[in-house]
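Structures incoming, each one as structure tokens.
Same chain, two partners: chain A is paired with chain B first, then with chain C.
Take a look at the complex of A and B:
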């Protein structure tokens, strides 16, 4: 039996699982019109989950610390992603509460199973936490399936909307195929090393013949690539983001992407890197292709959610620079900082899209015309998020890109070309991000009526906006935190 | 002895696998899958994983294929109409990609055989129900518990997606107001 002290290190996970069950119970006793209560309980519970997570942050910093027979990591890296997952889930639930109410007001209907929606979001949050901390191939597989399963349901949640159904089905079919391929890769890795524990694999992987290991890595990358929407496993992204409820699209773009990167980095850095296999070239190539494909396809988009989806693909490319630069002084830190900053401004942009969609019933960028007069606060925040997505100072996006480019430059001169590609792509992306700002500020509104901003969604928006600015202006605490979390290998 | 069993059942599994993707009718595919799963059970036995082999027969070949058959019966109640074929260029592309992947896999396997010693004999008692249970509740306790949470979430998801009518519940008053203007998509209840 594992010692009881192992359980003490699992308090955040146990808390989240218990919270999910409590929400199911609360949902039973809450009337159809008051389902937001479930959301509030979820938000409260998630915020409380930060307390034991904070306790862990102080207690465990030794990299490679695992519990439950080496299957679960409780190192600083895992703790960092616990914070990220919990914060993202909280913000998404806050946004969902008003999204459903505002869409309901417009359509004269209420969302069915609203209580279960919050429950599923909390469980997905738990899945993200588990993904980032899994140190065993079986646990990696299970937690990825866990997150996928809830995501399929969440994407198809608007049952009356054919686009949402399509999103759910497409996501499911792509996800199932990607998972099957990835599990094949896992089984090869297990067969080659005789263990499912990443840290045991790390000891044995040097003796594994390179061709077999390459095939295994390629197969695993298909699964991870699907989760982080990396080219060539990105095809689902625009359709799913467009059809899914907008807060869910935000969650997929931030939550499962971040957890996917955590798994990718842990598997590659811990289990594959000791073999001496040249994975850096492969990752760098995929990174460059993702940036180009994402950015070039984002240029002609008229629908804000599709545009953000392609932007999300290109950002996956940027973050992959951090994976390629892993092992240098900045690589891992750069990746963590990027993911943390990316969370705030991407959530913010999606939340505004959610609000506009709920109020106007449209996702088209031309309908954002004159937003600066109809809702000055919203327009300002959206402009901030767009600048941050481009990477213009003084926003968090600039600082994140700065760190990730610095990581690549510092790691190896062979990655300089990748930095050049990244810079070129930042310039390309400026075009379609600034196009949104131009539409909001320079074009006249078609309908001058003010847009009502629901209170809770506004809170979520201001939190993301404030974080976007603060992280850009005063990044030092985040740097310190990410440094402590970034040490991955024993 | 081992080879004499391995070759026919491996061939059967392969033939079944081809049958799953090549047959035009879903019901034939499901029955081919049954062949794959039962042949795999024999291969598990050869590997010394007796408990897994039994589970394979009971759960996969038994329960899951039967479930497939029920679903196919419900969806194509009349004749089991043939599934739509993929677009031709895509099929050609997929064939090329699969062939390339197979070549890569084959070369990896051949080169691995030449260099690595993979013949590890299983320990005494390996593959019995007791050994599997012991591993499940010690080494793999956390994944085991996680699986139960996944099942719970799966149930919630299935209820959400499948229960009730296709649609949003419409407020009585706004429905009355809207019906005059246009037929609502949301009102398409079963």
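Take a look at the complex of A and C:
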């Protein structure tokens, strides 16, 4: 048995697990018309989970603090991702409640299973928390599979919709293949070092023959790359985002991606870096390819969800700059800041897409014409999110990009070319992001009817919008927070 | 220092937010209360700042605004002697003009928009004078420029107003560009933008940097404060509502350049800079006064007068007497605001007629307005005991000392001649508007009390404001400012009665000439001199005939061959390249999972191959 004091450091995880179970119970007792109750309980529970997490943020800063015999980290880095996962889950649940209500009549009888949807989201949130904190290869594997399995179900949630089914199945097949490759990498690493603990591996990795280690890393990158939508393991992204319910797509593009980066960074920085293997150039190359492929393919998209999917791939490329710059004065900080800021404006953009889809039954960008007259508030927020995705001040996106570029420049002159690639890609992305703004503001509406904004979704939208603006105008608290969390190595 | 004191700029900002967001839905009375009330709170905070001021400069950091490596800028405020004088003047005069506006704008459709802009201006101006570093000052500097643009073009459905707003913006941009370069130069050479630090370290700069930086900043000041050669926007700015002219284009914003130089005074003490600033100031003072002699639009007379008086202030800082400059800035704010408000009252009564050909004999129906105008005019003409006499005389005394001490005699001579011309043109304006022939309008009505009371208070200040600098009672304002400019030239013994007598003579002679010279209700025939003045000494021909067409030709060239031919084609080419690349990549996204799985395999092998090939 682990000491009781270890359990005290796991209160957020325990709370989330209990919350999921309670939700299952609540779901049994509420009628089909009142499934939103389950959602409200989930939101309340998630907000409460922030309290013990906040307590941990104050108590644990020492990097490398682990519980459960070194298998589970409770350092500042893990706490940072706990916040991120909980906030993202809360916002997605808020957005889903109105999504289902608004699209209920169109999508058929999803209401019966609505409670399960929230429960699955909460469990996925727990999985994300576990992923970011796992310090043992077995736990890494388990938590990644945990998140993947719940995500497959979520993607296929609209049972009556063939596209949703296709998305779930494709996601599952692709994910299974990627996981298989990744586990192969894990097993090689175990075979080479004789341990599954990242910290033990770190001590022995220097003696491992380099070719074997490179094979292992390449195999592992397939799994991590799948989670973060990195080229060439990105191909599931547009198909799944398009078919899955829009809030789920939002969740995947933010939650899974962030946790994937957490795992990637932890494994690479803790276990691989001590070997002296030069992975920076490889990561930089993957980063550049991801940015180019994502952005170029986003250019011709007419479907907003596919466009956002490719945008998500290119953003994975931007965030990889932070991984490449790891070890510099603010590579790690830059990555955390980027992920945190990215969460808000990406969720916001997806939420608006969800609302338009629910109201108009369309995901096509041309149908956004005249949105500025039909729903001025929505159009303004969407414009804000698009500008932030491009990285234009004074939004959070500008600040995130600024920090991650600065990190690369500061890390090494050898990364300057990568920054140049990033800047070029920001320019390319401007085209398709601004196209959305142009459509909303300059083209006449086909149907002048006003679009109603449901109250709960509006809350989620304004939170994301306010955060997007606030983090751009006054980023200092986030910087401080990310700095404290960024110290990863003992 | 009281915490309340630090809230000075936030009250008008709050008013702007409220009025800007929901002002259109509020009743007019409430809009007026919010607009004036927030400024009153700012004034109260300014008074609190003065009352609890401990003597040493106080600073407060709101938050770290930008922290990027070695470059770190705080959004910080500074309250020292200079900024306290400025916030008291700005918020005090601003409050009176806000109250006046309640009556003046009563009939306007966009009542709440007007007060929202006016509040935003107050917040920006107070931020400008309270900013702790050059970047915050620059934010205020640009914001007041924006408000000026918005308020000049307030009646944007009038084409002239819209064009004037744009002109003000564009001309200011020229100065602002130089200002920004100056800021960057100071940052690269000193490594700080903190105003006090720049002042303290200015002496360590090499002469070339010091002169270049100070002249760049000065160029910015000539734009904002409408000095030669960037003065042309201010007369056109009179298209805005008259209270706006009083507040922004007479009392506060246009003095920002003087404030900035006084704030960074040690930077402006290099002999070359001193000569440039003093000469530009003196020339502008004389030049603008001569134009005012032949102008027929009453508000434009005031505008040229403002340019001329601002010239005096630059003259003052140029002869190393910044305290005198700030003193004149303060008295000028009182009497020029008063003159503008009186002119506004005339417009109010005469249904926007402001051409002095059409006025006359208004002293009878508009008793109080006429009284206010005459008080303001006497102050402007420098007749003792009105306030303008004290401050103008102080500047002339310092210019005299400067000349006697080996400096250039030009500032003193031009300053003295300008004093004469000033008295002439203001007497001319008063005579045309208020005396002699009766007005054309059948029943002009005196303004309502809400407009008269602010005028009365400003009249009081115009009369008594000179006491702030009267040596006989210890010159409270100058004493208060003395520690601020400790490094300024040591105070010589007063040069006796010689300069004051000359200055009084100039004022009295000017009034006499003005009164007698225009008794026929027409300008005496000055021949080519009048043409010279009305063509702005042929500067207008230079601008309109040479510079503007040349700039337009360059613009056409850039817009056509360069932009369309080179830049656009390059951009389109890159775009086509990107689209082509996308078309190729798209083929890989087939939708078949079996192919995706194959790509996982290929991708992994490629990753391994990467290391294999190294």
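Keep in mind that, in the parts below, the second predicted complex is superposed on the first by the 482 of 490 C-alpha atoms of A that agree within 3 Å, B and C clash if a C-alpha of one lies under 4 Å from a C-alpha of the other, contacts with A are read in each partner's own complex, and residues count from 1 in each chain.
Methods note: a contact is a pair of C-beta atoms (placed from the backbone, for glycine too) under 8 Å apart; a residue touches a chain by one contact, two chains touch by 3 or more.
Model, not experiment: these values are computed from the prediction.
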A:159 in the overlay: touching chain B, chain C, both, or neither? Say first, second, both or neither. first
A:215 in the overlay: touching chain B, chain C, both, or neither? Say first, second, both or neither. both
After lining up the shared chain so the two structures overlap, which partner does A:191 touch, if you call chain B first and chain C second: first, second, both or neither? first
Please work out whether A:145 is in contact with chain B alone, chain C alone, both, or neither, and reply first, second, both or neither. first
Check whether A:428 is in contact with chain B, with chain C, with both or with neither, and answer first, second, both or neither. second
Is A:113 contacted by the first partner chain B, the second partner chain C, both or neither? first
Which of the two partners, first being chain B and second being chain C, lies in contact with A:483: first, second, both, or neither? neither
Check: chain A residues flagged as touching chain B and also chain C 211, 214-215, 218
Going by the contact rule set out above, which residues of chain C touch chain A in the complex? 63-64, 67-69, 575, 578-579, 581-583, 585-586, 588-589, 591, 593, 596-597, 599-604, 606-608, 610-612
Would you tell me which residues of chain A are touching chain C in their complex? 169-170, 173-174, 177-178, 181, 210-211, 214-215, 217-219, 221-222, 225-226, 232-233, 235-236, 238-239, 282, 285, 292-293, 295-297, 299-300, 402, 406, 410, 428, 431, 474, 476, 479
Would you mind writing out the residues of chain B in touch with chain A in their complex? 104-105, 107-109, 111-112, 115-116, 118, 120, 138-143, 146-147, 149-150, 153-154, 156-157, 159-161, 164, 166-171, 173-175, 177-178, 185-186, 188
Residue set of chain A touching chain B in the complex reads 1-2, 17, 24, 68-69, 71-72, 107-113, 116, 119-120, 123, 126, 130, 136, 138-139, 142-143, 145-146, 149-150, 152-153, 156-160, 168, 191-192, 194, 207-209, 211-212, 214-215, 218
